[in-house]
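Sharing a structure with you now.
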Amino acid sequence: MTEKFEPKITAFVCNWCTYAGADLTGTSRIKYQSNVRVLRVPCTGRIDFMLLMKAFQKGTDGVIVSGCHPNDCHYTSGNYHARRRWMVYKDLMDFMGVDTNRVTFSWVSAAEGARWAQLVNEVTDNIRNLGPYAEYKELAVAGIE
Amino acid sequence: MADTFKLTHENLDSLFAALRKDGRRILAPVDGDGRTELNEVEKPSQVAKGYIQTIMSAKDVVFPKVERLLSYTTAPGTVELHDAEPKALPTVLFGVRPCEAKAFGALDAVFNWDYRDKFFNARLEKMAVIGVSCLKADDACFCTSLGGGPADTAGSDILLTPIESGYLAEVLTVKGKAIQALAPNLFTPGNGVDKAAIAAKLEQAFDQPALTAKLPGMFENELWEDQALRCIGCGACAYVCPTCVCFDIQEEADPKQGQRLRCWDSCGFSMFTLHASGHNPRETQSARWRQRIYHKFSTYPERYQMLGCVGCGKCTRACPVDMNLREHLVEAANV
Amino acid sequence: MEALKQKAKELLQNGDVKAVLGYAVGTAGVRRPHFARNPKQVDALVLDEKCTQNLATYLTKHEVKHLGKVAVVALPATQRALLQLVAERQLRDDAICLLAVDGGEVKTLSSGAEVEQHLALKTDAMPAADKAMIEKLMAMTREQRWAYWQQELSRCVKCYACRNSCPMCYCEHCTMDCNRPQWVPVASHALGNLEYHMVRAMHLAGRCVECGECGRACPVGIPVHLLTFFAEESTAKQFGQRAGHTAKLDYALSTFKPDDKETFIR
Amino acid sequence: MTEKNIYLPYLMRITKITEESPAVKTFRLEFVDEVAAQNFDFKTGQFGLYSAFGEGESTFCIASSPTRKGYIECTFREVGRVTAALADKEVGDIVGFRGPYGNVFPLEAWKGKNLVFIAGGIALPPLRSVIWNCLDLRDWFKDITVVYGARSVADLVYKHELKEWTERPDIKLVTTVDPGGETPDWTGKVGFVPPVVEQLGLSAENTVAIVCGPPIMIKLTLPVLEKLGFAPDQIYTTLENRMKCGLGKCGRCNTGSSYVCKDGPVYTLAQLNELPAEY
Amino acid sequence: MSRIGVFTCHCGENIGATVDCAKVSEMCQHIPGVVHSVDYKYMCSDPGQRMMQEAIKEHSLDGVVVAACSPRMHEPTFRRAVSNAGVNPYMCEMANLREHCSWVHEKSEATTQKAADLIRVLVEKVKHNTPLFPIKVPVTKTAMVVGGGVAGIQVALDIANGGHKVILVEKSPSIGGHMSQLSETFPTLDCSQCILTPRMVEAAQHPNITLMTYSEVEKVDGFIGNFKVTVRKKARKLDEKLCTGCGLCIQKCPNKKISDEFNEGLGTRTAIYVPFPQAVPNKPVIDTLNCTFYKTGKCKVCEKVCPTNAIRFEQEDELVTLDIGAIVLATGFKLMKTEAFPEYGYGKHKDIIDGMQFERLASASGPTAGVMKRPSDGKEPETVVFIACSGSRDRSKGVPYCSKVCCMYTAKHAMLYKHKVHSGKAYVFYMDIRASGKDYDEFVRRAIEEDDVKYIRGRVSKIYEEDGKLIVKGADTLMGGEQVEIKADMVVLATAVQSNDRSEELAQTLHVSYDTYGFFAEAHPKLRPVETNTGGIFLAGACQAPRDIPESVAQASAAAAKVLGLFSQDQLTREPIVAVVNRQAGPTFSYCVGCFLCQTACPYQAIEQEHITARNGDVIKTIARINPGLCQGCGTCVATCRTKAIDLQGFSNEQLYAEIMTL
């Protein structure tokens, strides 16, 4: 493999804050790296941990999960529920040996266009340094005779 | 009739070396973490001592828990199919018990009944069994009730019976002979040891032919519901069973490519026969439990003129709620 | 023991219950669940430290529900499971009849509230060995933990004994059975096994009553209970809510506090 | 020795799709491979496993008649993962097909007899194959009567063919819909299948009845047939136990020692009476 | 399905300059399911939309992906366009090539590739989209206002004037709330009764308003547009229709020494009474706790004197169930009691009073007819100390929040006192002066500058009695913490504004959220300040947080506007992005096992129980049901449900799964 490693980043973002924030990044013409693919959901509350699991199966090297800041949830408390879910899921992933450096949880509001760009760049650089997340990807082909 | 030889411990060491040199992997029961399971070994010293049975059966050598049946790539308007070739490694199964050795016959009956299953056959062909007779039996065992026995030769290519200073070796089949031919001088002439005297003693627990004869008339007996009440409907018994052959075919795919996998399944699962309409021919756990018994002791004899159970007792040992098959069969036989 | 048998017979004879679910001696002396449906079958009941199964598992099974009211010989873990089942509306008070044995005394607990009261007197923490194992795992590097679980889970055959023996895995249609979409691969390969156990542990976070039944049930000896224990401890530690302690719903993952910690959030 | 992979399907191209009723479609499938097409043969009553690549396989009977060469047809209802994926397909798309499997309707044995086909709902497909087969061998048989019922007019499948059968003199078609399922211009009967059968005044004499439909319909129709004097071995039906392989291996479809995939799907009532009721 | 069209927009140069749109369009041609893929300069323009509609017809497309700007911008546009071409609007998705791609990346291969990827993901989504139809909910155009303070009265009047029926439920015998107790009001010092009473009368006489005083909400079922509210009409022991309000009964009632709530315990009333002379309705109630007849079985004087025979001793509470479309909560607040302060003697000193008591002392209609007399001995107080922030902004002993009105009413009180007792001295202890309303700071200045009220910045540490005087000890922080000691005749504590007793209970009855202090929670602190989380229930006045009159009234009108907006439709049309619980054939009926763990996760209490019954009525299974009238489509329940029994339309499991699988 001579090709330079370009990480695959998947972002799960809520419609009202982070997606809108990322829109603002666009309208402000702030540049960031193009590795990220954004999946829009209504609310962080909708982000089932299984979605993250599947993203890793499909070879994502890094995941961003982001939504409204606490107290700013469009649905008042979806993000609070999501936050608890992440707290446990992150713990569990770590316990099972999944690399939690591969998941970045964040709050990016609709006003934080610059923050979104910064977040994506940080995560992309970080994952580029960590290298491909082979462990999980390889699971998908292992164990079949 | 089989040719009987002696195989000393040292010679067994050499036989292992010879087998490995011939490019075969040797799978044998190995102790670890309080369990005895089949694992690849290099020398006899690695083989577990004192075990009665492994928990899992050896069936995954010929019928792995997941196996690729085919794969394909798709693009708009086209599908390209790729046949799958089983990765059948030359394998010697060492130390499996006579009951388990016999079980391959029950698998063969299903896999080659009418349609021949190339995956099973490719693996079976590359496999040879060096069975080892049992000197001990436990409360789960009931091979003798099913026409087998602790030193039964059926299914083994070579059957070893431990004797002082080594083994009595019965070379039983062409495959057995081929193994012997790898190092003929290791097999020294055997004398007339009384196998039966050495092997474990296990009383016949019930009259199987009589049971088989009466099962068709007992279908509606409430015994089944009584017995099944404790069963939690998991797949442990089927998954450890050397003869259980039920499988599921599953698709794993993304928009561009996919593969079709065969994986173990169990008739005890509540979804096993469930239709999309919600209709389920075997709605209750008792119906599913009954199916397990009938399949092995009524359907098999009728269909394949053999039993679908070898009395190894693995299911009993694996069952989290101690559904003792022997005990249940005795109960049925006494109805 | 005699008191228990006496009580069991009484209940059956009076028609208060249709069966008494307890333990009996099984193969080679192991203890097995035992349904005594008539006074004669009561005689087989035993109760000693070898009895481990969480009998609450049976209370949600169709076939057992079908019997009618069942009295259950209840270890503390069984009681916790029952409370959680009540909280999750799987059992109504009028279906509860637990026989809690303390020394020679048999106590009949016939409502969630009574069980709650009874349990409050008991402390029955996670077995030391399991605790130690979790600590040992956490002391490893992440890579070592990954290797450990990969090794352990490679033996899993997806027989679902762990799930089916779990009192809290009562779902009629488990996520694993969900095929639209097929969240978790059915096959028991590396991915299918990891994801199955990950999903199950997440489902037990905040719901696991720490009976350890799943780990005990596993025919190939995978300590899967460590996963659910860990998930439960994680919720208990972070949110102060624990499963199996109250008959009222107090599920950590469907409630929240605005000031839950979020140090990991950037 | 390389054996054939019995799980490998034929690739088939969809050449025609008919929307029969809401959620029910008929595919006409032609072999992609010429040679396979040449060698392929089946008999009425048999079934196959159809693949939607990406989702899996599903079992349907072959709904076309073996007398119509060059293609096979299947009719299916969208109920789950595979059938939904199939329902998404377009003309020109490729699907997989394994088969034919199972036993057949004994047309030879029916020679010289009257035939009564009784079908309910989506269960017409297996009968459609045999009906067309019989019509194509019309002089083998005496009277052919078809009773077909559906929940509502919209649920009737093969509307074109029903029309054709009505117009043909050599087949008597009676259609009925459940009360409430009729439309203003409905000319057929209104009522459930069993009473409609009873009113027809059929004679069991030298007649075979082929019954296919939801369990409840079958259950209520059999007594009617018995009353009319049909003996169990004069009544045929097909079973639809769940199956994964179709090859007598996966272990799902058996009822007693009879494997629906091999000994079925066609059974006489006499045979079914011998089997445990696990279907 | 799966005849999908992809329409890639250049957005002039906005996308086109960075992303190779032609190439993207070409790449999309090869995605399975895509039967048509084109690019165009301005997709949102009329010709662009027309082109799209024609393509839909020509290629019989059943799904569309528009690759253009943010869906937050033009999703409605394109969904409408698609819909006009005969395709369900929810079969259209937008890939965001502008904000999420061309505007944030440099022109490159990778950027073009990303554009194609974004489209591919959405094509997979569209394949799993299903046509959705707006949800219609009927609206009962009757509002209920709970609480008849100034806020509640204002809401009722606004809605009534908007042409809709209003039911105003007030728990006490008269409407008016706290404002009716006030003497004069800041910042204008006009007489509270004078401005409020006309409103009260207007409300009582309005043809669209039904007053239900002496009544409380017992139970609320249903959802926005369709509530069923059960109200308990407490027994007045009086036939309201017969009573003319003549007051004879009150005059003759022998039981005259009952402490008077309206006068905050500073006066007395009879057992049959109206709370205050201007009460609306002016019909008495019998206080059964204090009535001699109820205590001894004898008396019935009132019955004898009543000229219209209106007294009904046997009358019972009555439960009335009403169909209501919207509810406005305006239940106000309560004041912290002086008993709460150990350092001020636990309310034992009669001359340490709270703000409301001072209002009554100052009120012309109050127990002293507006003459300044201190409660203990009726003497005119020469020195009065006012202590602001009594309990407010006090994390340790009181409440952490600012009660908002105290600064202002304390200034008002000091002024009123000075106006009545010209020689008197008024001191105010304060922490900060928060006077940020219109004319508010001027008002405080006036107190200090014109009326010579002495403001001391600091806390009072202790008050004790000595020689008939109240010694007030405190520190003046502006003078470097110098100790001050004032000998006062009366002390007025500006005690904290708190949520009403039992407000949590009421919130639970109505399924609205409340904060730690029992104030009802607004749906969004900034953008939806008068709505609650529960659709169709709104907030006005001090029940949401401490508020003064202008704010309460403004909020009341805002809530009324929301109700009128809701009532302007015969049916509510809601986006079908709602959760649904799986249903299927028996014997399973649903994947739902009825654990109801999802119920507490839902921010909108949209999850109800549904019983699946056999023909004979036996409950076979109890499962969750999502009320589409309440569900807002956040999807939190979907992620909570273990068995995947719930799914969210528009963002379903299959859709998201398909998106990920194509990553």
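Labels A, B, C, D and E are assigned to the chains in the order they are written; within every chain, residues are numbered from 1.
Throughout what follows, a contact is a pair of C-beta atoms (placed from the backbone, for glycine too) under 8 Å apart; a residue touches a chain by one contact, two chains touch by 3 or more.
Quick caveat, the model's predicted, so the values are computed rather than measured.
Peer 1: Trace the shortest sequence of touching chains from subunit C to subunit D and report its length in steps.
Peer 2: Shortest path length, in steps: 1.
Peer 1: So which one's got more C-beta contacts, A-E or A-B?
Peer 2: More contacting C-beta pairs are found at A-E.
Peer 1: Of the chains shown, whose Cα centre falls closest to the middle of all protein Cα atoms?
Peer 2: Of all chains shown, the one whose C-alpha centre lies nearest the global C-alpha mean is C.
Peer 1: Please indicate which chain is farthest from subunit C, where distance is taken between mean Cα coordinates of the chains.
Peer 2: Here the answer is chain D, farthest from subunit C.
Peer 1: Could you give the separation in Å between the centres of subunit B and subunit D, each centre being the mean of its C-alpha atoms?
Peer 2: 39
Peer 1: Report, in whole Å, the distance between the mean C-alpha point of subunit A and the mean C-alpha point of subunit D.
Peer 2: 51
Peer 1: When the C-alpha atoms of subunit B and subunit E are each averaged to a single point, how far apart are the two points in Å?
Peer 2: Using C-alpha averages as centres, the distance is 69 Å.
Peer 1: How many Å are there between the centre of subunit C and the centre of subunit E, using C-alpha atoms for each centre?
Peer 2: 43
Peer 1: Two or more other chains in contact with one residue: find those residues in subunit B.
Peer 2: 66, 74, 248, 250, 254-255, 261, 277
Peer 1: Of all residues in subunit D, which are in touch with two or more distinct other chains?
Peer 2: Each of 80 in subunit D touches at least two other chains.
Peer 1: What residues in subunit E touch two or more of the other chains?
Peer 2: Within subunit E, the residues that touch at least two other chains are 588, 601, 640, 653, 657, 661.
Peer 1: Any two chains that touch count here, so list every such pair.
Peer 2: A-B, A-C, A-E, B-C, B-D, B-E, C-D, C-E, D-E
Peer 1: Can you check the complex and tell me which residues of subunit C touch subunit B?
Peer 2: 26-28, 30-35, 37, 53, 57-58, 61-64, 67, 155, 157-161, 163-165, 177, 182, 185-189, 192, 213, 216-217, 219-221
Peer 1: Would you pull the subunit E residues touching subunit D in the complex into a rising list?
Peer 2: Counting only subunit E, the residues touching subunit D are 1-3, 127.
Peer 1: Touching residues of subunit E toward subunit C in the complex: what are they?
Peer 2: Interface residues on the subunit E side: 588, 591, 593-601, 622, 640, 642-645, 653-654, 657-658.
Peer 1: Of all residues in subunit C, which touch subunit A in the complex?
Peer 2: Going by the criterion above, the answer is residues 134, 137-138, 142-150, 154, 175, 183-184, 187-195, 197-199, 201-202, 205-206, 227, 230-231, 234-235, 238-239, 252-254, 256-258, 260-262, 264-266.
Peer 1: So in the complex, which bits of subunit B are touching subunit A?
Peer 2: 64, 66-68, 86-87, 254, 259, 261
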